[in-house]
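My questions will all concern the structure given below.
When the chains are written out, they are named A, B, C, D, E, F and G in that same order, and each has its own residue count from 1.
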Amino acid sequence: MEYWTILIGAVFVNNIVLSQFLGICPFLGVSGKVSTSLGMSGAVLFVMTIATTVTYLLHEYVLVPAGLDYLRTITFILVIAALVQMVEIVLKKVSPPLYQALGVFLPLITTNCAVLGVAILALGLENASLLKAVFFAVSSSAGFALALVVFASIREYLELADLPEGMKGVPINLLVAGLLSLAFLGFAGLV
Amino acid sequence: MLKTFPKGGIHPPENKITSGRPIRRLPAPKVVYVPIAQHIGIPAEIIVDRKDKVTVGQVIARSGGFVSSNIHSPVAGTVTKLDMVVDTRGYKKQCIVIRTDPKDPANEDLPEEMLKTEIAMAPEEIRQRISDFGIVGLGGATFPSHVKLSVKEDQIDCLVVNGVECEPYLTADHRLMLEKSQQILVGIRILMRALGVTRAIIGIENNKCDAIDLFRKEVAGNDGIQIAALQVKYPQGGEKQLIRALLGREVPKNGLPMDVGVVVHNVGTVYAVYQAVQHNRPLTERVVTVTGKSLQDPSNFWVRIGTPISDLLEAVGGVPENTRKIVSGGPMMGKALKSTDVPVTKGTSGILVIPEGEASRGEPRNCIRCGECVNVCPMGLEPHLLMNLTEKGMYEKAAQEDILTCIECGSCSYVCPSHRPLLDYIRFGKSISRQLATKTAQQ
Amino acid sequence: MKPKRRASTLANMVLVLLAITLAAGVTLGFVNQWTLEPKAAAQRARKLEALSSVLPEFNNQPVDQVVRLAVGRDSIEYYPAYMDDTFVGAAVTGYSEKGYSGNVRIMVGFEPDGTILNIAVLEQKETPGLGTKMKGESFIRQFRGQNPSGFDLRVEKDGGEVDALAGATISSRAFCEAALMAYEAYVDQQNAQPDK
Amino acid sequence: MAQALKQNFLKGIIKENPVFVMLLGMCPTLGVTSSAFNGLGMGVATLFVLLMSNIVVSLIRSQIPAKVRIPAFIVIIASFVTVVEMVLEAYIPFLYEQLGIFIPLIVVNCLILGRAEAFAAKNTLLDSAVDALGMGVGFVIALTALGATREILGNGSLFDLRFVSEDASTFILFILPPGAFIALAYLAYLFNRFTQKSA
Amino acid sequence: MTDSILNSIILLGALGVIAALVLYVVSKKFHVYEDPLIAEVEELLPAANCAGCGFPGCRAFAEKLVATEDISELFCPVGGNEVMKLVSETLGKAVAEKDPTVAVIRCQGSCEVRPKTSEYQGPKSCAISDLIYSGETDCQYGCLGDGDCVAACSFDAMYMDEATGLPVVITDKCTSCGMCVDACPRNIIEMRPKKKRDLKIFVGCLNEEKGGLAKKACSVACIGCSKCLDVCPKDAIVIENNLAYIDPAYCTLCRKCVPVCPTGSIIETNFPPRKEKVAEPTKAESDA
Amino acid sequence: MSDQPIIVSASPHVHSDRTSRKLMFDVVLALMPALLVSLYVFGYSAVITTVAAVVSCLVFEYLIQRYILKTPVTIGDGSALITGLLLAFNLPAGLPVWMVIAGSLVAIGIAKLSFGGLGFNVFNPALVGRVFLLVSFPVQMTRWPTAVENNTRLVDAVTGATPLGMIKEGVQFGETMSQISTRLPSHTDMLLGLTAGSLGEMSALALILGGIYLIARKVISWHIPVTVLATIALMTGLFWWADPEQFANPLLHVLSGGAILGAFYMATDLVTSPVTRKGMVVFAIGVGVITVVIRLFGSYPEGISFAILIMNAFVPLINRYFKPKRFGARIKAKMV
Amino acid sequence: MGSIPSHTDVFVHSGVVSRVEGHSVTVTLDQNVHCESCRAKGACGVSDGAAKQIQIDDPTKTYTRDQPVRVVLKKGLGHKAVAWAYVFPFLLMTGTLILGSALFEEWLAGVLSLAVLVPYFTGVYALKGYFRKTFKASLQSL
């Protein structure tokens, strides 16, 4: 039940993009193509999971015992940045064709604040455990994916609309995000 | 249940006001203007010169290649000029101008020949004859007919004869079927022999019951020729829809009827084949419906190719005062003319005169995504999307959405409650997509 | 024009990065030391501020005399206040898990006879504009001067006397539950130490 | 020279405004601006980190081998963020609580804002300081404007000064998440219209 | 107490060393070579991304410039000679100098001189109406007036003149990118050398019909009468398909042809007003 | 020939006599029975709310198009009229007029014209307006005047709870359905529209009548309304079957709240619903499921507005994956 | 008419040839193809590997350094690549974590779930041949 709450919460009620405001830059910035956003979602899923696992372990078994809570931000961001690079290196070393296919398909995965944010939020869960933290990361990326894909499809659709001058680009994207977020308020109270 | 194709289609008011009018003959016009590009494919090459004397049926322009066709003089007379004449789009195109010799008896109407049912020619000869005698599809596309007959053995198992005439107003095929039913049946047998098939189906819409009954009576179950009555639905006459309706076969995307073992010919074409094979008459005339609610005397005519449309309009009592639009062809697929100085060509099936009140298009408004266009598109396309993509210059995407499979039936523009000029844009998008496709093919 | 940059040799890279991280480590370590005090002080100050807003004037150190009581899944705090050694009242915290979103935690100041002096909201995550109005004067006002022994600390909908916040009955209910918890704890505390 | 500096400063405010034009640092922009004060606080915190780290990077830029620029930059920014975090907790605890998770996220934000600097690291101390100042001020202005808009519409107040009664109905939506997006959408729209006209 | 400081130093130091090591390995394995010249050249280009150079954008053009040895065929119409000179300096490769050009509209068929003979109902797009038919007038060569060229110009250098129904080029804004030339389905727009003071003389007509027909469709049509050809001292004029064309390569802007045209088909731009009737030959020459 | 120049245009040269304007006015006509019921039930306050919504929608459309966007004014096409009517239908009668106007501004200005006007909006304008008001003014938006008794008074009618509101509250208090149902109005009352609720959602009967008219006129197809209601009935039926003391019966769910109004008039908005029949069914199932989830487990007693808005967001995705079958797309045609 | 060579079922990414060794061409990808709508593309990206390099074998044509090219990849392959690179290892990780949490202490389970990636990627390495065959990209010169 607790896990159910985390899942519904992260995907619908407190969607990390639409109501927690994490990862807005890729959400607004990545091109509005449904297939690309699906691919992005897969990548984010992996990166968030691995990042949360590592940072959680680091926090629980190194920082806290050593009384170094306050180094959370600096260590997390370093670890996350290094991890993202490591994943790339490993992929490139292990299978160049795979790496090459990804390179053509996906925009660069950059460490965005969603990864850091989720890693930090995962520490604050009630009765936190590693499993729960990872589950939270998975749920969050599912929420991210949902928002990203729906949003990408709307943007693809809006490419065909006669938007008013000045609404094009940033404003309409934000407006769609806002109305999406408004619609998602309907899920309030589910958890 | 009458047969029909399953998805899409519309039923506009039929307005077949001339269906009871027998086909009349017009006297040979004083001058004919014979364009050299009357068919799809390579234009023919002129082989006469100024001042040459020509007679009816003489080749005056020779086929320019395989997908091309001979052109024969429709009258006896003198070539006065090799000039330009406006085509249906209003662009000047090369034509041969022939002044009719009023004294030449060949210009008088030939007596009706006796029906000749014996077929003497071998398949190969038939094909050659059809090619030599300038026969192209009279159903609208003017595709050289011999090309369609050049098929591999056993590739085709059925000949479909298109007597649907689904366009509102037009009655040329209908009248032809009533008046020349036996000749058409012979023509069908000729084509069956040329194709080596034992089965043929004539598809006729149910609003031409008299023609259906007549054929049924005359076929009397022999020869492997079937008559199929079809539900009245536009564009039933489109060959892909017709094949689907009659045989349940679906011509694959980007494919041809022969991919599903079928060849489709219009009844007019079949009659022309009969004339060519049995009576040595090349294609120099055709049936044209001159119609319109405002006309005094709308009629069907046997018209010589090259006759100016103005002559035809004269023959029905002149163009009424309130005319705002003149269409060559039917209201759904015809071309609006800028002037009546356009000659009748092999592809002219009708002339439609539209009065003031009905001539203007509605003001286009925003698409409300009602999906009507999607519902009626017989090709399963999304016209509103195709138009939008074209409007925004996203041609690649449009090609991905199969814009090239649109048969330009116009059903979408017909139903759109917002009066969107869907087909205008789709046509444009198709032309660009085709250019893009050839460009990538070249790479 | 362009300044010459150190080459990216392994030694250089390790050394420079090490230097930077060391510097960062030292700085952060020191800043942490330096802010430990103020951080604690800030927390204390906040508590004191809450205390003085709900209590009559006092001159003892209630924070040092705090009594922690385990109630439900969490604990609450009892801060006695004295003016020159006379008991002038106590501030008791109360919480409820039934808030619209998350816990509601309040601090109730009681006069010795149990009359509510004032209430301060310590923690709430209610919806801005709805539940958050529990911090507002017009809501708190109705509790002042009421003694829960004669004032039904339940919202009207549940048969009590508290006029719920419009559109936020749930928050109001949670608030009342927390207030009641505080009152009961106060009464218990008084009974346990009748001298005070 | 002075002219160039001024230009450099102004571009961060208008032409390359990080929020309205560059769409950077959207998370804090949307997340913490439910009131003008929060927006201002976040803006200033970011400005401080950006300015300080740009100065430090610019000072030691010639000492950093190219390959470790990024980690070095991360460490420097993260250190300043941590300082801000601790100082806020100690001295403005109220703001610390309001900004919550978005304080550590300043790292990511500044990393992006300061990327040009990190990447090229070719500017002098003064230039990069001015650049950071411009960007930072642009960020402060945007956040404060957004916070103010949302607070006025959603709460009927500005910097906690109420101008409608506590019980009056205000457009609560604007202090809820959707309101953040919607308000920013229209601010960006106005910004577009305004800059397009003047251009 | 100081433990904490010590710990933090150790932890961060360790992280720093690890990061440095990782990055060292990365830098060995991931060496990226990009010619810095590309970026430099890109800086020089106008960043209009108009594709006037024949490449998808300025970046692609820069790549091409750096990659190819002989760049004398390549030209950025927007930046013109100035930019190409800078590029040449940067790359040390020779560039060809080109006369700056500007778009001209070779049609004068305003509503007044070219009567409408039909009314078009359909999308306001030259490309589409061209596909459907030959235009609202009897001239099948002239401007359709739906403004595709104006829409194609990304520099706001064109507008539709309400009175004439024809597009107008604002010479000063025109960057000679050639987008309008591509957009016009009737090939009415030509890029002509800008010359000094933007002096130009050209035939404002494309009608290839015989004189009478052309004149009937449009009173300022070129009727192919050869009068201009006869007076041109430099043989700059050719007549083909009943239509005159003035080759800018030979034209010396002497203006002799202009007054002899019986239909007024030849357009001169930016010349000072002519003296009454026949101008003195000396005057005309000094203009050249 | 006429003295005006001859007209040239591409084919086709004939057109059906359906126009989008006629479509819109059919919808207005279909809404009339329900409006009449509401006028009877709520009296003056319904008149005020309806007029305020309709007039302000039209005025905002006019002002924004004329002065801000500087595009042709399209208030004559009837769509803003529908938006106004449906917005009013979704508000409690007697909502303060300034709130109605604010809702109209949001509906027309934000949800419709910001996207480029008729046909381009992703979300249903009337519902965006309604939800905006609901979230902003939860108190006023849930103050339902009770029916009939008060229909001649101008202000401050006595308020009562909607059937769904009673259930939600009851369940929160831990009551069982049999306890709650004593307070609920009868099904007949709901059918006729004699309960508390939004202005236009009152009479299921009148709404269905109009809906049938729309289907008969082919303005909408039956797929969306039938699927939405069937999904609601099925899902609530399942829960009810599992525990009738905890969950209300499906008939009640279908008849109460905005289910019928939403299913027939709002989920069917041509612009914001899928284009193909298959897509419509998927969309409608989504609307039904989300509605039930919100009603049974969320904090709002009624969820169809949110459900429709959420599914609106999925429409581009649905249109993308549920395309009509292309003619000849089957790989190899079968031989007969 | 025939079928149209569909140029739309592919992803196209532009780049520059940065090295040529025999038939093996190394292409440095422009980073912003998918970020075209992002205003911050110039400033984006934390990792230093902003310019991705990929190797492609193309025996048919010759390329020169700094030549702008387009890399073309069949569309379905993108998702397949994502699955192999991210989704499968993710599933493996979470699977191990869940299993590990039931059996061992938390930290051990965590470390195990990270460690399991080593054999996974070794496996991927072993499947080199398969990947080479599957993920074929091709080059187009501009």
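Descriptive notes on the structure:
Heads up, the rule we're going with is that a residue touches a chain if its C-beta (ideal position, glycine included) is under 8 Å from a C-beta of that chain, and two chains touch if they have at least 3 such contacts.
If you're wondering where the values come from, they're calculated on a predicted model, not measured in any experiment.
Counting steps between touching chains, the shortest path from subunit B to subunit E takes 1. Greatest Cα centroid separation from subunit B: this falls to C.
Here A-F and A-G are compared, and the pair linked by more C-beta contacts is A-G. Annotation: 30 Å between the Cα-based centres of subunit C and subunit D.
Subunit E and subunit F have Cα centroids separated by 53 Å.
Each chain gets a centre from the mean of its Cα atoms; for subunit B and subunit F, those two points are 49 Å apart. Note: centroid distance subunit B to subunit D, computed from Cα atoms, is 69 Å.
Within subunit A, the positions touching two or more other chains are listed as 25, 28-29, 70-71, 74, 78, 81-82, 85, 93, 111, 162, 165, 167, 169-172, 175, 179, 182, 185. Multi-chain contact residues of subunit B, defined as those touching 2 or more other chains: 90, 254, 335-336, 338-339, 360-361, 366, 421, 424, 427. Counting partner chains per residue, subunit F shows two or more touched chains at residues 4, 6-10, 110, 114, 116-117, 120, 132, 135, 138-139, 299.
Remark: subunit A residues 62-63, 66-68, 70-71, 74-75, 78-79, 82, 85-86, 89, 92-93 touch subunit E in the complex.
On the side of subunit F, the complex with subunit D involves touching residues 99, 102, 110, 114, 132, 135-140. Taken together, the subunit F residues at the contact with subunit C in this complex read 138-139, 142, 299.
Listing the residues of subunit E that touch subunit C in their complex gives 1-2, 4-13, 15-17, 19-21, 23-24, 27.
Put simply, subunit E touches subunit B in their complex at residues 117-118, 121-123, 125, 127-128, 131-135, 140, 209.
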